[in-house]
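You will see chain A twice below: alongside chain B first, and alongside chain C after that.
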Partner chain A sequence: MLELDGLTRHYRTRHGVVRAVENVSLTLRAGGTLALVGESGCGKTTIAKMILQLEQPDAGTIRFEGADVAHMDRAALHRYRRDVMAVFQDPYASLNPRMRVANIIAEPILAHEKPGRAALDKRIAEVLDIVGLPVSAARLYPHEFSGGQRQRIAIARALALQPRLMVLDEPVSALDVSIRAQVLNLLQDIQDQFGLTYLIIAHDLALVEHFSSDVAVIYLGRVAEAGPTAEVFAGPRHPYTQALLAAVPLPDPDHVLSEAAAAGEIASALNPPPGCRFNPRCPRAQDICRTTVPELRGTPHAAACHLVSEPPRT
Partner chain B sequence: MLLSVRNLQTHLHLRRGVLRAVDGVSLDVAEGETLGLVGESGSGKTMTGLSLLRLLPKGSGRIAGGSISLDGRELTTLSESELVREIRGRRIAMIMQDPMTSLNPVFSIGDQVGNPLRNHDIARGTAVRAAVVDVLRRVRLPSPADRLDDHPHQFSGGQRQRIVAAMAIGCTPRLLIADEPTTALDVTIQVQIIGLLRQIQADTGAGIILITHDLGVAASLCHRIAVMYAGQIVETGPVRRIYRQPAHPYTRALLEAIPRLGAKRGRLAAIQGQPPSLIDPPTGCRFAPRCALRMDKCAEAPPEITLADGHRAACWKLADA
Partner chain C sequence: MRARFFRGVPWLAILVLAAVLACAAGGEAILPHDPNDLDLGSAFLPPAWLDGGSLSSPLGADNLGRDILSRIMAGSRVSVIVAFYAILFSGGIGALAGMVCGYFGGRVDAALMRLIEIQQSIPAIALALILAAALEPGLTTVVVVIVLTYWAWYARIIRGEIMALKGRDYIAFARVAGVSTPVIFLRHLLPNIFNTLVVLATLQVGQVILFEASLSFLGLGIQQPDISWGLMLSDARQYITNAWWAITMPGIAIMLTCLSANVFGDWLRDRLDPQLRQL
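Let's turn to the complex of A and B:
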């Protein structure tokens, strides 16, 4: 459905060039959920922004159902913009506090079509119902809702144009633990009901395992490992993925965390290390890792690691 | 007992009314022990921590009742100047969530880590610098002697949290309150800070109160857990009891609601509804409106039931069993 090919984005700053995204190629299957995983600053949000056309790539292509987004004509791009919608992390920041919920939801609809008043009200009532809010919510302002309800409003707005792909940027990380499950279940119900494709950005690996069908692990702007979520989590091949999974604290007092798997600090994208970008932290790094960028190899479960032919961790 | 809190009541006087942020909290922390104060935002866990240091919001916050005793000394009756001189930063220190807000961007880290040492007469004059290097070494900041004149922005997030920890442990406090100390950090850095807190405790024997909403972080670091809901502790016990045999319906629901790595679940068991307002909390059990096991009796305040050594929960269901 969506193909990213060689996507690259650099930012020129006073201090030099930030290599935020470097040669990222990924595929989203229709009806699937691809999770982008990685530490803050690894480039996952920049990838999402390029998909949403909020940023333009310096190199590489984004193809939506075979059509290159960069070469779409006005009409096609208009169509793309209603097919691809987003839900952001913080529902306190993403909803305009001065607008009533009805207008918040109507805004994207009116940007694309001219429905009559009655048809518009009906659409608003429909999407509110889908996200589990009463029709009376339409008359209220965002501050009259809790965080979980606000995120439902943001989801309703994203749904209003019946998109086909939704970009979910940390959709529950600003919510309380007891509310997260409500919103995650809602997102799964909506996906099943409308056959949506999701791209989710998340740092909570347990959530990613639960929620996604495919996963791409990003480290300093490059894909370290990608594949079906179940396979990647059951047998991580890249030492970085292994380190990530070993560092997740489990709700189990007898689980022992491994600090050794990724020592040191995350390097800067301003001055990334040569070769494999993980090599300064990698417990298994060898000479080749310090000089040569490893290619992403394997299908559908791929890893970019020179040592990947060695037996994976047991 | 290092710290004993009994029936603590902390009120916030707001325009809308009096918010009972902490409503009858009792807890103990032994030397060398880590107590996890677990709950959602607004449950009163941070207010409990701030009450111990009497660092409540100016004007609106005040301790309305209860007692706080540290090494047998009552803190609620101390004057502000006694607190500043003898307790805050000296015997009880705090590590906050976001290192960028607890560090001052315009002062060097040598100054900031040295301040509590000077204020509490741990080191004087030229000895301060050496003491700062020593404490930065203890939090495993790389090459500390070369970096004393650097400013907070010159460090990574994980390093900043190490510097904040150094500020807190410089005076070897008896009790360390760590409020979401890893929440702003990435997971591979988080595990390093968890290791650091463990090491600080092993070195100094300090008691730690870990305030967190993350049930994974709490499990990895704590000896005992107190689960807070709507300003009250609903269940407390040894960490294994809480995770293996949770008794209170809220604790059970929380553990069911989170996805677990390596244990794929069909659908998460969501908790319906949301926490009550603490300006006008429901009488009786505060979780009752969201509880699947609710009974008529829950309209009255539930009794605290002892289930095992040190394992207690406040629920009518347990009283009947």
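Let's turn to the complex of A and C:
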């Protein structure tokens, strides 16, 4: 459904070029959920912004059902904007405080259609019902709701035009732990009901394992490992993925974090290390890791690591 | 909520501004005397509370015997009209330029910002001299000079506000959902800068009135027989030693009006937009 091929985005700053996203190639299957995982600053939000056409890639292509998104004419881009919606992290910042809920939900509809007042009200009531809010919510302002309810409003707004792809940028990170599961279950129900495809950005690995069908681990703007979630979690190949999974806390007081946990800080995308970008933190780094950029190898479970020989296809 | 909003309301300032507006709106009908009526017999008539003063001209008369109170009341009209148009146009142009710069950035922003910097480095009086020479001196020229001087001030402040607003996720969502740029401006940007615009406009009233008075005083603004406070100061300047009231009374009118406008503007700013306290 969505294919990213060689996607690259650099920012020119006073201090040099920030290589935020470098040669990222990923595929989203229709009806699937691809999770982008990585530390903050690794470029996953930049990838989402390029898919949402809030930013343009410096190189590489984004194809939606075969069509190159960056080179669409106005009409095609407008149709694309109808098919691709977003839910952002902070529901306090993503809803205009001066607008009533009805107008917030009506906004995407009115950008594409001209329904009558009655038809519009009916559709607003329908999506409010889908996200579990009463019809009376339509008359209220965002500040009259809790964080979880606000995120439901943001989901209703994204759902109003029945899009096909939804980009979820850390959709529950800003919410209380107690209501995260509710919102995730709602997103899952909506996906099942409408056959939506999701791209979710997350850093909570437990959430990813539970929620996504596929996962891509991003390190400093590059894909370190990608594949079906179950396979990646069962047998991580890239030392960075192994370190991430080893760092997941377990509810066991005797559990000792393993040695695989990555030491040190994420390097700067302003001055990424040569070779494999993970090599300064990698416990198993060899000479080749410091000189040559590893290619992403293997299907469907791929890793970009010199130390992993391509596994036999299963 | 309502009670809190009205706490600390500067009633005195509002009263003065209301009186100025009433004088401007009232026109000839409410003037005690014809402001251009010459009466050389009562030239330099002192104010009523001094020896030789008369209650029919409570603030005295000028060198040509014209009633100072009537002239101040009539002159308020120019001040109000100039303030209205100057603020409307400088605010409108400045806000639009600021919104475009802040939202689109890039080359448009760079070009407009250079223009603003050039504009702000031209002395307003020099600009007025050139314009008065090129155009007819008068009310329109005064408004044009003030608009050219002040639009950049609005543009800079609104640009900063828009740059902060632009990053909000609800604007990102509107773009993602395919909402057109004019609709984003009207629905998300304009309502959010409205308070700022009101505050800036109110704070500008005093400056504009003072500016008009300065231009008219220098002979670059309002011309005889029209009446303006600045022109009254200019007329009375050479008689300051023998008829101090002829120059002091319009001076007090300017001072009271500007002071009231500033006090009211400060109060409104604190009420509507605490972030602007530095202005």
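Convention: the second predicted complex is superposed on the first by the 307 of 314 C-alpha atoms of A that agree within 3 Å, B and C clash if a C-alpha of one lies under 4 Å from a C-alpha of the other, contacts with A are read in each partner's own complex, and residues count from 1 in each chain.
Here is the rule we go by: contacts are C-beta pairs under 8 Å (C-beta built on N, C-alpha and C of every residue); 3 or more make two chains touch, one makes a residue touch a chain.
Please read all numbers here as calculations on a predicted model, not as lab measurements.
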Would you mind checking whether chain B and chain C clash or fit side by side on chain A after the superposition? fit
Examine A:E209 and indicate which partner it touches, taking first as chain B and second as chain C; both and neither are also allowed. first
Check the residue A:H78 against both partner chains and state whether it touches chain B (first), chain C (second), both, or neither. second
Going by the contact rule set out at the top, does A:A243 touch chain B (first), chain C (second), both, or neither? first
Quick one: angle from chain B through chain A to chain C, Cα centres, nearest 10°? 80
Of the partners chain B and chain C, which touch A:R157 in the superposed model: first, second, both, neither? second
Have a look at where A:L54 lands relative to chain B and chain C in the superposition and call it first, second, both or neither. second
Let me test your reading of the model: by the given contact rule, A:P253 touches which partner, first (chain B), second (chain C), both or neither? first
Have a look and say if chain B or chain C is in touch with more residues of chain A. B
Check whether A:D90 is in contact with chain B, with chain C, with both or with neither, and answer first, second, both or neither. second
Overlaying both structures gives a minimum C-alpha distance between chain B and chain C, in Å, of 12
Considering each complex separately, which residues of chain A are in contact with chain B in the first and with chain C in the second? none
What residues of chain B sit close enough to touch chain A in their complex? 40-41, 156-159, 186-192, 194-195, 213-217, 219-220, 222, 239-240, 243, 253-255, 257-262, 264-265, 267-272, 274-275, 290
Chain B touches which residues of chain A in the complex? 39-40, 146, 148, 176-182, 184-185, 188, 203-207, 209-211, 230, 233, 243-255, 257-259, 261-262, 265-266, 281
Given the complex, residues on chain C that touch chain A span 168-170, 172-180, 183, 187-188, 191-192
Chain A contacts chain C in the complex at 52-54, 77-78, 81-82, 84-86, 88-90, 93-96, 98-99, 107-108, 111-112, 154, 157-158, 161
